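By letter and in written order, the chains are A, B, C and D; residue numbering begins at 1 in each of them.
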Amino acid sequence: MRRYVQTPGPIGRFSELSLAQRAGPLDLLYTGYGLLVVAVVVASYVLGAFGWLPDDPQAINVGLINAPPFTSGHLLGTDFLGRDLQARLILGIQAYFLPGLLAITISLAGGSILGVLAGYKGGWFDTIITYFDNLLDSFPRLVLILLVIAAFKPDIYYVMVVVGITGMPVIANLIAGKIAFLRQMSFIEAAHALGLPAHTVVLKHILWLNCRALLVIQATLGMAEAILVETSLSYLGFGVQEPTPSWGNMVQAGANYFLQGNFWPSTAPALAILATILGLQLLGDGLNNLLEGKRRK
Amino acid sequence: MSRTILEVTDLRKDYSQRRGLISMLTGQERVIPAVDGVSFYLRENETVGLVGESGCGKTTIGRTVLRLTDPSSGRIVFDGRDITKMSRAELRPLRREMQMIFQDLDAGLNPRMRVRDILREALTVHERPRDAEIAGRIRELLEQVSLKESKLTNFPSELSGGEKRRVGIARVLAVRPRLIVADEPTSALDISIQAQVVNLLRDLQKNLGLTYLFISHDLPVVELVSQKVAVMYLGRIVEMGLAENIAHQPRHPYTGVLWSSLADKQTTEVTRRVTNVAVERERRNWGVFDFEQPASGCRFAPRCPLYKDKGRPAICTDPASEPQLRDVGHGHVVACHFA
Amino acid sequence: MKFAAVKPVSRVLARELAVTALLLLGVSVVVFAILYLAPGDPLNVLLEGQSPRSELALGMREALGVPRTWYGQYAAWFGKMLQGNFGNSIRTGLPVLPELARVGVYTLTLTLGSLVLTLLIAVPIAVHAAAHGGTAGNTAATLVAYVLSAVPVFWFGYIVVYVFIHQFGMFPLISGTAAKQEHAWLYFLVPIFVLGIASGTLSEMIRHLREELSRVLAEDYIRTARAKGAPVWRHAFKEGFLIPVTEIMSAKIPFLLGGAVIVEQVFNWPGMGRMAWQAAQDRDFPVIMGIALVAAAFVRTGNLVQRVIFTAVNPRASRE
Amino acid sequence: MDAGTLLAIENLRTYFYSRAKRAFIRSVDGVSLGVARGETLGIVGESGSGKSVTALSAAGLVTAGPGVISGRVDLHSNGTRRNLLDGLENYARFTEQDGRVMAVEKDERGWRKHSDRLMAGVRGKEIAMIFQNPRSALNPYSTIGKQLVETIRLHTNFKGEREAKERAIHWLERVRIDSPGLRFDNFPFGLSGGMCQRAMIAMALSAEPSLLIADEPTTGLDATIQSRIVDLLAQLKTETGITTLLISHDISVIQRLSDRIAVMYGGTVVETGRAAEVLAPGATARHPYTAALLASIPSAETIRRKSYLQAIEGEVLDTIDVPRGCRFYGRCNRVTEAIRENCAGIEPPLAEIAPGHKVRCWLYPAAGKA
């Protein structure tokens, strides 16, 4: 039984409705949670960068190994060497934040350029860029990264360049799709007919006005992807090495104890990964419904 | 008599249909002559109607004349200057004097911009007016297209069909054009709104001295607004002359078929000779007829009532004697052996 | 008319094969570029199987007429590859290709198995959402899918392994080869279960299938089908279900292969993933290069199959 | 409703909901229409007038929420009288505030199942439909022959593969498609708009329905092709005597095919009557909207004198912000001081001003109910 109610009085106009009124309750929830996660991540990065941590992440305390959460002095307990988990989790963000930003910057910049070339210029560009997209999509990302690791023994930033490059096709396709949508309603042709120069059409009308929402959404999803890749790598032992903490190597370190029934050292970082990636994906979806409206164009 | 503002001679435009990567490499392209040698001229403050079925090339002419697509050959002279080969940069200042109203109501209306910003951008494309002046100009434009001031803060998605068309026209008027190519300006609108837009376009022509190339398949409207009408068939003009002659004394059989297809005979007395369109072969996504291999000789022969009545005369399908436009009295031209 | 329908399909098939070949060529160029640019000259190691560059080796190489220019090296490398010679593993000295063939089967079953499992979860949720719109149950299911897609697959693996230790007392060291144990088939399915649930592709699959099916159900020809009293499913099946499913499967194979590397690590599963990890660890170029090429070939094959199904189903595509 | 009526729609209301404006889109707001056996009723109206939604509601094809909320649709065919909206009140309830529906509760899934059960054997068999933009209304993944055979095997006793195909080709001939044997195996994208529409007409009529609903059959086609399709519909009507509910915004199409005409505006019927009375050039008594609509089309006279069209001012009503009084009051040019207060405040009833000719306007109150 679905209920529809019309409030009496004058009918509001869509343009005057605030963003919140326009969105459905679910979208607000998703976006809210997502923004909370982003805030926590940024805050943790700042704390970690300046070293304002609740405890010394490296301080080994043999007497207090694998302490459960809420033991005195250690809100989130300690790991297998008695180091404070909360501090290590906060510091663990360092491994993702900047590399993640690098990856999404490359994806957004490269994707936008390719997308505009394919959509706006079209013709040969379209064919070449579609080929390039399919080529990049052919590699499982992790396998390609392992190849790069084997070849260059790179640090995290090299890896994030690869993640950035492999993220370009998705964005290029979305932007080309958006341009096709505008072209199909003769918008592009009308802009040229009026005499608008190409750079205005591309930068202002296409990228800024019609694609900014899309780019923000892809940035959040891109960050989630970067974190996923980095945690997998550090789990495999290629990311940040002990004793510097990263969520991936913390989960890995706690593995043996996990199998003996002491879950917490491995679960805490895993939940941190889960909460962050879930937050970013929900934020992406929520923003999409809010800014783009239901139609996915 | 008013000056000639636009003169088009032997305009040709071919579309090549590329199909995917492989065929591009192997060069299999199907070339379709959308516009196959068209010549006409437009006199200032006059309206020429361009009619024909979908796929006859009338829309392509509209876009080619404004150099929105580049012609394959032929000459386009606007206001005495040959713009056929002009570069984008050279063309830009001229661009303001010749504008286009698109069939799609949303053309030119960025879904993310409010009406005020759309008009402001149009006003600042070619000039740099001060803010006060812009507000004044916007009010003036609203009056010209009789649009309420309250609409300025709306997004295009909140406007009705009629309002979208008015904003579209205001956006074009902002650059003070002299020639407007109107491509099916009324076909996407309801009847009552169509009438408003037709009246509006005629008022603008009177007040601003505009010249229209009025492209439409809505024959009564074309008859009403145009002094001269050109009838197009498969990329060629088959008949051109004063609107009333075209409607009431058509010399080309196709013009007769076109006007007779007007379901009710309110407007014209031409006896209704509906041809049995047995040859309605569909050419995939290109007009109604098999375009690549146009019948040799006169292209209309397969559907032509005269051709059947006169016992399929050879001259009609003789490739050497494709009928050319010839004058049949005070400027009325027709391309038919038996006109 | 029937015969004409067959001819173009084969023509389109040829086109798809050509595109796939072109892409595989591109893949080999990318892989070659990475190896060529890498310090330590992995390429020459590959070509002659000797230790990396040293003065003596350089002279020797001149004498043997090893190509100097990069395209010469590419041609040599590509030529050897075509004969199936992917070079030998630095660690084990064994030829790479036969090794890959032996372990490839495990990764194949793991990937395809988990792909099918993810589909089995995604399809009902998507179909229900498309047919009945956002009911409470459906929103909950989609949210659960979101959470599952965000779960780190290795952690989820630990949980499953832990449950096993409690249930069956122990977990085989190499789960893939535990044929003798009485729960052998169970150990075989566990990694597939883990990757199927936590591969991170669940929410994306649901969204794609739901959107495509909703779009098709709103098409004019479905309304005509309902108007003529015909079953909607018979009309909506091809464009609304078959094509989106094959699309999403082929699109998600790369992600599942990536996930396989992790799951094989968690479960000591003897597949290409673990081998890739090992190769990356020891900078064993021939192996990791071989794996990258085989994985890319696998992805392209998946895409080819999807393109063929699309062409067979969509009459217009086969006429192009 | 006399015995001759085939379909009787009574006080039909179909609403949709605009989430952005938090208000109802009152597409069909109390429509009553009757179609006599063998007759063609033409419904004409501009976009948003509710003409298509009325037809879709009668055939139970409305999917968006809340959809049909009240009314009756009685179908009198082969001896039985059935209400196609029977039991609607169990699934849809609404509350009104001073005469206007402000809240609706509807069990959409429940109603859809119930309606599909009610319509089993009716939709497609008794009532067949053809739509606009024929090429997108046919299944692009199967040939027109197969789609035709599907209908025949569903609704007629030509069950066998071969005899169904023969029957299909027979119908392709009746709709005058050239070389039907060849066209049988064509896909919709390989046919012209006109050919697809003929295939759809064949598909609808092959089920030998009692009622054909044609929703904008000529929209999206070229002028010359449009008149061919109109000729075809006229010929098939004389050949089969099929009862037709024709919906179009093109007045000339309605004039040529309809026996009786209903003019719709803002979700209600503003005028019904015999074609000669309603849309004939000379007819006198006429609803201001109908008169203004006819005046909007350039007549020979207007063209010869190049005079201005009598365009109706203002925009088409968007049926969300529905005014209190007469829906056309905002754009009406025949409001006199005597009736202005009524026009603005009270919606006029659909009153009979001549046998069979009804008008919803305060200019003609005498004959109508107060």
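Definition applied: a residue touches a chain if its C-beta (ideal position, glycine included) is under 8 Å from a C-beta of that chain, and two chains touch if they have at least 3 such contacts.
Nothing here was measured: the structure is a model prediction, and the numbers come from that model.
Student: Quick one: point me to the chain whose Cα centre is farthest from that of subunit B.
Tutor: So the farthest one, by centre of C-alpha atoms, is C.
Student: Pick the pair with more C-beta contacts: A-D or A-C?
Tutor: Of the two interfaces, A-D and A-C, more C-beta pairs touch across A-C.
Student: Measuring from the mean C-alpha position of subunit C to the mean C-alpha position of subunit D, what distance in angstrom results?
Tutor: 52
Student: Distance between subunit A and subunit C based on Cα centroids, please, to the nearest Å.
Tutor: Inter-chain centre distance comes to 23 Å.
Student: Subunit D: which residues touch two or more other chains?
Tutor: Within subunit D, residues 65, 189-190 contact more than one other chain.
Student: Which subunit C residues touch at least two other chains?
Tutor: 19, 22, 319
Student: Mind pulling the subunit A residues that touch 2 or more other chains?
Tutor: 13-14, 131
Student: Inside the complex, what are the residues of subunit C that reach subunit A?
Tutor: Against subunit A, the touching part of subunit C is residues 19, 22-24, 26-27, 30-31, 34-35, 37-39, 42, 139, 146-147, 149-155, 158, 161-162, 165, 200, 203, 211, 251, 253-255, 257-259, 261-262, 265, 276-277, 279-281, 283-285, 288-289, 291-292, 295-296, 299-300, 303.
Student: Sort out for me which residues of subunit D touch subunit B in the complex.
Tutor: Contacts found on subunit D: 46-47, 178, 189-192, 194-195, 222-228, 230-231, 249-253, 255-256, 281, 292-293, 295-300, 302-304, 306, 308-313, 315-316, 318, 331.
Student: Under the stated contact criterion, what part of subunit A meets subunit D in this complex?
Tutor: My answer: residues 1-8, 10-14, 17, 21-22, 24.
Student: Which positions of subunit D touch subunit A when the two form their complex?
Tutor: Within the complex, subunit D touches subunit A at residues 15, 17, 19-24, 65-66, 97, 102-108, 320-321.
Student: What residues of subunit A sit close enough to touch subunit B in their complex?
Tutor: Subunit A residues touching subunit B: 13-16, 127, 131, 185-187, 189-197, 205, 209-210.
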